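Okay, here's the structure, questions in a sec.
For clarity, chains are labelled A, B and C in written order, and residue numbers in each chain start from 1.
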Amino acid sequence: MSETVSDKIAAAPAIAAFARRDRLRAYEALPWLAAIAAYFLFPTYLPLGAQILATTLFALSVDLILGYAGIVTLGHAASFGVGAYTAGILAVRGWGEPVTGLLAAAIVAGLVGLLSGLLILRTRGLTLLMQTLVIAVLLYEAANKATSLTGGADGLQGMQVWPVFGIFTFDLFGATAYLYALTALFVAWLIVRRIVYSSFGRSLTGIRENMLRMQAIGAPVYVRMVVIYAVSAALAGVAGAVIAQTTQFVSLTSLGLDRSGTILVMLIIGGVGRLYGAFIGVPLYMIAQDQFSQIDPVYWFFWIGLFMVLLVSFAPGGVLGSLARLTQRWRR
Amino acid sequence: MTDIPAALETEKLSLNFGALHVANAIDFRLDPGARHALIGPNGAGKTTFVNLVAGRLTPTSGRILLDGLPITHLPQDTRVKKGLVRTFQINALFRDLSLLENVTLAISERVGIASNMWRSAGSHRAVIAEAYALLEDLGLADDALRSVRELAYGRQRLAELAVALALKPKVLLLDEPAAGVPSGESGVIIAMIERLPADITLLIIEHDMDLVFRIAKRITVLLRGRILVEGTPAEISENAEVREVYLGERTPT
Amino acid sequence: MASYLSAAIFIGFHGLAFAMVLYLISVGLSVTMGLMGFVNLAHGVFAVAGGYIMTGLMNRFGVPFPLALLVAVFTVAALSVVMERLLYRRLYGRDELDQVLMTIGLIFMSIAVAKYLFGSTPEAVHLPSWLSGHVDIGGRDFPTYRTFLIVCGMGLVIALWLTVERTRFGAQLRASVDNLRMAQSLGINTGLLFTKAFALGSGLAALGGGLGAEILAIYPGYALENLAYFLIVVAVGGMGSIRGPFVAALLIGIADVGFKYLLPETGSFIIYAMTMALLLWRPQGLFGRA
């Protein structure tokens, strides 16, 4: 194409807008401002805050494959748990350096994700769903039985996590944990945002919308899905590691089915495939759960279950999806 | 038989489901630059043939050759990379994405930037420019930023063609390009097909005989999975068997 | 040598009993997934509900075992019809994700309700005297209840297969699983069929839950904890198949008992690994359609 055509494109404002979809918008600073504000406003809630931040990272990783590639998985807890146990086992066995622990978790979880992706991403739909489930319970059972390595049903105890950069210790007040988790989340967000707005990310949207068509335009769909599955697994592993390191404990529930289920719920509440669904859904859920559990933990399960049923029946798309529909109606 | 390799060739291509021969030992040949139509009554196996050639279905036996090289066991996306592109009888576009994005996705794949995870999609200006230029060429530029879902069906079929052309095909398989389009709008599609560069090899599946006789230099008639007869439009329209097969359906003028 | 034989008989017997329970519960799930294309992760709720109603009637009101079981089955079947009409129906044809979420929500609710009504400890099952103890078969002692379970189970399985093969309902069911559109154009009232199939599946699940209360303990977390096994039986057997899950249940039931007996340190791991291998080799299951 000639230069003049390129200039023509640059001139047409609408097309130019299309080309600059990825530019940072003002509201994208909000989550970070809110997170920093929370640090100063809620000093007693920092341990919970760290959990929320790490879980947001987890939800972000799930959004990559669920919201962007369209892969429905019940087994994401597997990656999360693998990362948690990697960091945990390292810390128990004498290597408590947190940042390298995160990297190790990312690598191990990423490899597990790569291997499982290679195996199972040839199928789709219900069969794929089943296979993600089987992998998850497989790893759960392995962790359950390998008690010498993982502590089994009692959980992994005796983690000794060293201070970050040798200076910032993880203590009960949670200040270090909070900022540590926030940094990890920020880095992950940068990566995810990059991917989502890249050509690769757009091709994922294509795969989600119409896999057949993507194959018909020459996209190696299987390869793309395996790649994003592995990346997502690595990120989930980091989330698991952050929680392990900040709580100095890894329990079997990090691999459990309800963890896979609840992360889906948190993501759905915020809205899938919109990058920020995780940032809305996770805090909402976890703060609500924290408040409710103090009243009655049993009731929490009931109400969140009811909420899920109602949400699916009446408000698919979650908060962001409903907002999008509202603004669309507004514009007309 | 000539010495130049066929642009596309099948040898005894078959697809059987038990005793049901959906494609029955089809020997087919497309010369480079051909304007070839594949016709036949419903259920004759035309779309099946396209699916076999494109790689969506795996044949029970037989070979497929593209430019003299066997592609029988290659996956769909590899065939596309080698220049074999098909369109769908029922639109298979990304309905919630804009026209421009639909075409950009295709060009991104062709050019090879689609695997790039780092640079933003919008930064590939040349790709976007090419997509826009293609849409202009097909008269779709005004709708570039509208989602496919919002367009009239005729325009969507044009978009389907745009996406195929974005891939710079060497061999283009059009599966009923004018299907479902109101007769007022099908003229645009026919005009676009006529304007295709002479070096693209074209195979059109169609029921619309007007289109077939306007565009095709050779016609193959398929019946129950086998080739019934092949020849020039004049030969086909005079062929008694073909007349019989089409009795009751639209007869060529 | 004799001890190998004993072990084999032990594993075979208890594996068979477990398989019966698994099959009765899972066959309904296979039909739901194959017929309505609906991922009902909450299927186990029907089983545990059957168990709770049965034990509740027996323990609190002294209702005799057979009657309690029958009441449980019909109550759950009736309730399932209500749920199908009110809730599940809205989600046919929707995204898998929505179905997964809704049914997980239902599981959560069931756990909370069960904990609230019955507490966390598993329900005690007091078998009537004619079913307790041991019975002598071929010179060996077998627990009476499990023998009863196997015999009963086989009877039910045969009755089910006859229903599916010989009755009009069964023919309609098989046709619809095979090709729903075609069945509709033949005039089959698929909406009604769905409801009937759903009720049958849930009723059988309740039956499995009640009969199997001694094998799979009735406690609030039942539907979630046993979900993997139910899904695996369906996946390995083949979604939509009626016989497939039976073979799968046999394989899994016997393998589970066998491995837990011979290699207890591995738990269910080998079963999951075998399932994984099978699904990789044959994603549609043993008897599913490709």
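As a working rule, contacts are C-beta pairs under 8 Å (C-beta built on N, C-alpha and C of every residue); 3 or more make two chains touch, one makes a residue touch a chain.
As the structure is a prediction and not an experimental result, all values here were calculated from the model.
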item: Topology of the chain contact graph, where touching chains are joined (line, ring, star, complete, other); value: line
item: Chain separated most widely from chain C, comparing mean CA positions; value: B
item: Mean-CA-position distance for chain B and chain A (Å); value: 41
item: Where chain B and chain C are represented by their mean Cα positions, the distance between them in whole Å; value: 49
item: Between chain A and chain C, centroid-to-centroid distance (C-alpha), Å; value: 34
item: Touching two or more other chains - residues of chain B; value: none
item: Contact set on chain C toward chain A in their complex; value: 33, 37, 39, 87, 90-91, 95-98, 100-102, 104-113, 115-116, 224, 227-228, 231-232, 235, 239, 265-269, 272-273, 275-276, 279-280, 283-284
item: Touch list for chain A against partner chain C, complex; value: 66, 72, 74, 119-120, 122-123, 125-127, 129-131, 133-135, 137-138, 141-142, 144-145, 257-258, 261, 264-265, 268, 272, 298-302, 304-309, 311-313, 316
item: Of chain B, residues touching chain A in the complex; value: 54, 56, 75-77, 80-81, 85-86, 88, 92-98, 100-101, 104-106, 108-110, 113-126, 128-130, 132-133, 144-145, 163, 166-167
item: For the chain A and chain B complex, residues of the former touching the latter; value: 1, 5-6, 8-10, 12, 14-15, 18-22, 194-195, 197-203, 205-206, 209-210, 212-221, 224
